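Letters A, B, C and D name the chains as they come in the text, with residue numbers starting at 1 for each one.
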Amino acid sequence: MSDTTLRLTLEQLQCERDDRELFRDVSLTARAGEIWQITGANGAGKTTLLRILVGLHGFYEGRREWWDESWRSELLYLGHQPGVREELTPLENLRFTCALGAQSGDPMAALSAVGLRGFEDVPAAHLSAGQKRRVALARLWLERKGVWVLDEPYTAIDQDGVAQLDAQIQQAADAGTLVLYTSHHQVGDGVRRLHLAKGRAEVRA
Amino acid sequence: MAFESFADFLAMGKHGFYVWSAYGISAFLVITSMVLALRGQGRVRQTLARQQRRAEVDK
Amino acid sequence: MAFRAALSRELLVLWRSPAEIINPLFFFVMVISLFPLAISPRPETLALIAPGVLWVAALLAVMLSLDGLFRRDQESGVLEQLLTSPVMTVVPVTAKLLAHWLLTGLPLVLVSPVLAHMLQLPDRVLGVVMLSLLLGTPALTVIGAIGSALTVGLNRGGILLAVLVLPLYIPVLIFGAGVIRTAVEGGPVPGVLAILGALLALTASLGPLAVAAGLKISSGN
Amino acid sequence: MVWQTIKRWYHMLGSPRYFHTFSSRVLPWLTPIALITLVTGLVWGLVFAPSDYQQGNSYRIIFIHVPASSGALMGYMALGVSGLVAVVWRMKMAEVMLKAIAPFGAALAAISLITGSLWGKPTWGTYWQWDARMTSMLILLFMYVGVIALQNVIREPRQAARAAGLLAIVGVINVVIVKYSVEWVQTLHQGSTLKLFGESTINPAMKYPLLISMLGMWLLYAVNVLVRARTEVEWRERRSKWVQTLIRKGDQ
């Protein structure tokens, strides 16, 4: 029977960088509605693993397969950098990422949801690092996508921001989104963990 | 044989300088490229052998 | 739709950082004014070297303006957004190249008659000068962008960009300057202009694809 | 049936391990053959070919100049093809080839320029004349430098190879266009292009040594590429078992 909820399959993923082996034999099957927390020390290859998932990094062995061809249109990727141009205001940045990511939704509402009300028209250059990250996170409050790949979403986020983000991720997962994120913070109890250490990966579902 | 004597061959009818410098420089560049290629191979083999020995010592 | 959004965004970004527009223009003017001082102010000599001087200055101005073309996007993470979006990478890339040309290449074209006049070129030729730069500078922008895409991750891209891109600029330089020289000598301008146009067509069609491929390679793919 | 063999060859040569054994088997006999062919061609041209009634003996530089020019040009075409395979089909061996082909090609381009200008002096009175052939070769050398420079600057080996591959693809198109644009500039200034190597090669006594030395130079180029490619394969596959055993065995 074709498992309609299957979203992502990884088999024996192996990757090298700067002359050393980053990780090997990373295998994983992830389904819609699951939340995967990817942990590991700095330099263990967490960001590289995410970049392989979203197709930014192509030099790896093994198999990475999404559930269908048009997975990119269902992807929401927040990278290591916030992805915000300093010359533009948060509103302009968000409108541009919507057009580029084929994502609808109301940018104003999203910005106020992440606590940036009143900052919509301030050039991003004047925003703090935390606020810039919030502009990136605002995309989670726009039209929901099938797969969320978030690189360190909790960095530079204050206390109540963390709770808000947990709720949003949990809500998206309940609605069927597959969430994969890297962070030391655990969103909730039903979270599956993939721990990268010494080049190996342990899945603690 | 297009030349009467070896001396004549060297002189190349007053063009000796150009002909021999052309061949000399060409030979130099070809040989350097070959030597570099072979040295590269030697160096890689050496580094890999050293790494292997170090790995065996650690085990 | 994404193309329009990308184009308006790029124009906005460039418009908000005027240095990106002014510097290439002043560079163009300054380099050109070096030649009369370096070679000789005599009108006959100037008119003889003018086509080449105009084109070499334009070529260098465009190339230098492309050095950091994608660097800001890469550092801020916008490039990653672009590469992971469902829209084909070539679409926003083409928009970026068009915006960049509009604000760096086009000003050179507009100011070139003044400089051509300063280099003692006859006034009947000024139209051809603008036309040759109008067809040539977009080709220079696209070719330079290929080099810029390949060197985006490297810190000292500048000189390397020149080493990669200058050989690729030579045909555009030859025919670009050739158009003006033919016009000065009263020769058949349309023929040479057609070749320059063909070069532009080739670069404008294949170039953006190469730039997109270069960006993917530079990001590790 | 033909398609199967091509596919089989494509996959076989595509695997670095097979290539390593293939090159180790081929090199021992290809190297002497290349050297012998090249030396016979050069000696034949230098010693036995008749001297040219116009240029005397300075034309004998042709027996190194033409092989070098053709080798440099073929080398860059090979770079373009490897680039295409590396970028489009992501084949590892093509990336190795990009690293292996470039250096000797650049050396040949330099040789072609130096021998060309050394030949120009006695024949036309100047070492450099900006004629179509020499200018195209100069630009080809610049493009070789570009490919090599790009490869050495980027740290990640696979990314460096694919970046150089893309540059080589664009470069090959540029080589063709440069050839015509440089000739166009020529026709503008000096009427018909000067045929530096035209009629003097018709004479058969000169043609055969030239063909042999060309063959010899190409074979030597192949030897250089195989040695460099084999080294690159050993370095890239250093973590694999077959390279470990090979190093342990101390292969020749």
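Just so it is clear, a contact is a pair of C-beta atoms (placed from the backbone, for glycine too) under 8 Å apart; a residue touches a chain by one contact, two chains touch by 3 or more.
Being a predicted model, the structure only gives us computed values, none of them experimental.
**Q** Please tell me whether C-D or B-D has the greater number of C-beta pairs in contact.
**A** Looking at C-D and B-D side by side, B-D shows more C-beta contacts.
**Q** Taking each chain's centre as the mean position of its Cα atoms, how many Å separate subunit C from subunit D?
**A** Going by mean C-alpha positions, subunit C sits 32 Å from subunit D.
**Q** Averaged over CA atoms, how far is the centre of subunit B from the centre of subunit D? Could you give it in whole Å?
**A** Each chain reduced to its C-alpha mean, subunit B and subunit D end up 16 Å apart.
**Q** Please work out the Cα centroid separation of subunit A and subunit C, and write it as a whole number of Å.
**A** The answer is 37 Å.
**Q** Could you grab the centroid distance between subunit A and subunit D? Build each centroid from C-alpha atoms only and quote it in angstrom.
**A** Taking the mean C-alpha position of each chain, the two centres sit 47 Å apart.
**Q** Could you list the positions in subunit C whose residues touch two or more of the other chains?
**A** 220
**Q** Specify, in ascending order, the residues of subunit B that touch 2 or more different other chains.
**A** Subunit B, residues with two or more chain partners: not present.
**Q** Give the residues of subunit D touching no fewer than two other chains, as numbers and ranges.
**A** Only 156, 159 qualify.
**Q** Using the contact rule from the top, write out all pairs of chains that touch.
**A** Pairs satisfying the touch definition: A-C, A-D, B-D, C-D.
**Q** Per the contact definition, I'd like the list of subunit D residues that touch subunit C in the complex.
**A** Against subunit C, subunit D makes touches at 87, 139, 142-143, 145-146, 149-150, 153-154, 156, 159, 162-163, 166-167, 169-171, 173-174, 177-178, 181-182, 184-185, 188.
**Q** Give the list of subunit A residues in touch with subunit C in this complex.
**A** Residues in contact with subunit C: 51, 54-59, 70, 72-73, 75, 77, 79-88, 92, 95-97, 99-102, 123, 136.
**Q** Note which residues of subunit D are touching subunit A in the complex, please.
**A** 90, 155-156, 158-159, 239
**Q** In their shared complex, at which residues does subunit C touch subunit D?
**A** Within the complex, subunit C contacts subunit D at residues 143, 146, 150-151, 153-154, 160, 163-164, 166-168, 170-171, 174-175, 178, 195, 199, 202, 206, 210, 213-214, 217-218, 220.
**Q** Taking the complex as given, what residues does subunit B use to touch subunit D?
**A** 1-3, 9, 12-16, 18-19, 21-23, 25-26, 29-30, 32-34, 36-38, 40-41, 44-45, 48-49, 51-52
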